[in-house]
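For clarity, chains are labelled A, B and C in written order, and residue numbers in each chain start from 1.
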Amino acid sequence: MEQPAEQLTFDFDRVQPHIVYESRDDIKLTLGAFSGPLDLLLFLIKQEQANIFDIPIARITDEYLKYIRLMKTLDISLAADFLVMAATLIEIKSKMLLPREITGEPEEELEDPRRELIDRLLEHQKFKNAAEMLYERCAVEQAVFRRGRIESDENNTETNASVFDLLTVFQKILARHKEEIQMEIEREEMSLAEMLKRLKTRIFQVKEINLLELFQMMGSRQELVLAFIAILELVRTDDVKLLQRKTFGDIILKKV
Amino acid sequence: MEAVVETEEKQSRGIGEIISIVEALIFVADEPLTVKTLAEVLEEDKETVQAAVEELAQEYEQRESGLQIREIAGGWQLATRTEFHEEVRKFLKTRPSAKLSLAALETLAVIAYKQPATVPEILEIRGVQSASAIKTLLDKKLIVARGRKETVGRPMQYGTSKDFLIQFGLKDLSELPSIEDFEDLAGGV
Amino acid sequence: MEAVVETEEKQSRGIGEIISIVEALIFVADEPLTVKTLAEVLEEDKETVQAAVEELAQEYEQRESGLQIREIAGGWQLATRTEFHEEVRKFLKTRPSAKLSLAALETLAVIAYKQPATVPEILEIRGVQSASAIKTLLDKKLIVARGRKETVGRPMQYGTSKDFLIQFGLKDLSELPSIEDFEDLAGGV
């Protein structure tokens, strides 16, 4: 599986999520999915035409919970993060309801319970805009094409590797290995008599068999053992003899 | 003669010849070629090669070629000019494929600007688990693992890859607009 | 107005533009491109395209480019000029040695994760002979022999080298991503 220097093309799934208000209490989700709770919040704030620095927390919380309920009725699996945000919103809402005079401190010095959320929203918005910029860059880039394959590519069957590739490759090997083991289990077990018969038929056909090649053909450890015993048996009964044409050379099984 | 003739082993090449060889090498390379590599193969100094590459790029520009020599991912590459993308696409019968979700795109933006970034750091900014987006980006080789962060749990850190620069048409990371540039937009919700 | 305006879908192109598009198409094609194919993509007649291709080939000739547009196997192809074969060959040889074939990469992955690993063990996991891959890895100094295993046949054991750590940007082996690192990612798709 060589990898040609292929040019990737991307099409960003840019379907923007959209909520349509059918009536006062009935909202309808049309398309897409929000990339996260912050994304949904930004959308709701925009929808309400609210100021991000002065979020009408009660109204936004209601809308947010409405959306979550809708997702549930539509049986869309909801990431836990959406629920965490719901809890955060409710907490902020309740803090906002506390009468401020009780503390006796001037209002300006009180920390706005929304402060942290606003910061996160602003930070998130920045990256959302950056993502948009990346999208546009890539769209332009897709109008540029690299050269087709040339001869020098063909003898270059190399791949670039990173540690992630190592792991991915290793996982693939393990998966492949598992499959092979399963196949072995399904295979019918062979008896020594069958193996003897198989070897005899083969040796009568081809006269000579390379022992190493024969062993490599065996699909399982059990077959390997059977083949070994069968060969010993055939040598004992003088049906075949074993040859080694040079020192450390391959061992050949030859019909007598 | 007023100039001292140097006795060099290699024959000295004219600038025209250097430009031609640079063109041939950029063509056969399947990745953007750095001036450094070009200089090594040519056994010329980097300044000469840099001048040659720039001259070559200009030549392509001037003769309104269907191709362009451009700087990308720290190297030089031969590629088609954007104007003709319709015809090229028609011939290659390609339609943009391999979708990247909004989530993946956002995750990529976070990694591009915060690199090296860990999963918890990405979660903090995105407000949502990004595991599958990270997996997608790794599969598409837009990001790479960059070792572990020496902190609780030793989380893996991610950064953008060379392929990221290539796919997004960037010379290097400094070509990315600064993240603060997106702030004004943020206020305008 | 004196001229009858034809209602054609495509805008008519000048010869210069046709030449540029022909150049771009020949560049992106994997195989030599026939005039017939070019004419079809461009929706121009074959005579026009033939003239454009010939003009383009001549242009390359005249400006002493490092490349040539040549007719081969009934089609047209962009290729390096033969004069520069020495430099091209030299470049192709010096391509980054960090690149590995898939067989070598697989073998390296098994050794990295199972080290020390013997040839029979690698065979057992990969299901294919890995002798030449092991040789490649030894040549590239990515793995080293680690003594023999005290078992039948006393097979040689292999482990990853210091160069392996350097090339893959790892501080030590504990930095190798673990299955767990990516389990969440893989599961979340």
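Criterion: a contact is a pair of C-beta atoms (placed from the backbone, for glycine too) under 8 Å apart; a residue touches a chain by one contact, two chains touch by 3 or more.
Small disclaimer: the values here were computed from a predicted structure and weren't measured.
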item: Maximum inter-chain contact count - chain pair; value: A-B
item: Distance-maximising chain from chain C - centres being C-alpha averages; value: A
item: Rounded Å distance between chain A and chain B, as computed from the means of their C-alpha atoms; value: 25
item: Inter-centroid spacing, chain C versus chain B (mean Cα positions, whole Å); value: 16
item: Interface hub residues of chain C, defined as touching at least two other chains; value: 24, 27-29, 78, 88, 92, 169-170, 175, 177, 181-182, 186
item: Chain A: positions in contact with at least two other chains; value: 145-147, 150, 152, 156, 162-164
item: Interfacial residue positions of chain B with respect to chain C in the complex; value: 16, 19-25, 27-29, 37, 40-42, 59, 63-67, 78, 80-81, 84, 87-88, 90-92, 129, 131-132, 134-136, 138, 145-148, 156
item: For the chain C and chain A complex, residues of the former touching the latter; value: 24, 27-31, 78-79, 88, 92, 95, 98-102, 105-106, 108-110, 112-113, 125-127, 168-170, 175-179, 181-182, 186
item: Touching residues (chain side chain A, partner chain B) in the complex; value: 5, 8-14, 32-33, 35-39, 42, 45-46, 52, 79-82, 85, 120, 122-131, 133-135, 137-138, 140-147, 150, 152-153, 156, 162-164
item: Interfacial residue positions of chain A with respect to chain C in the complex; value: 1-2, 145-150, 152, 156-167, 169-171, 173-174, 176-177, 180
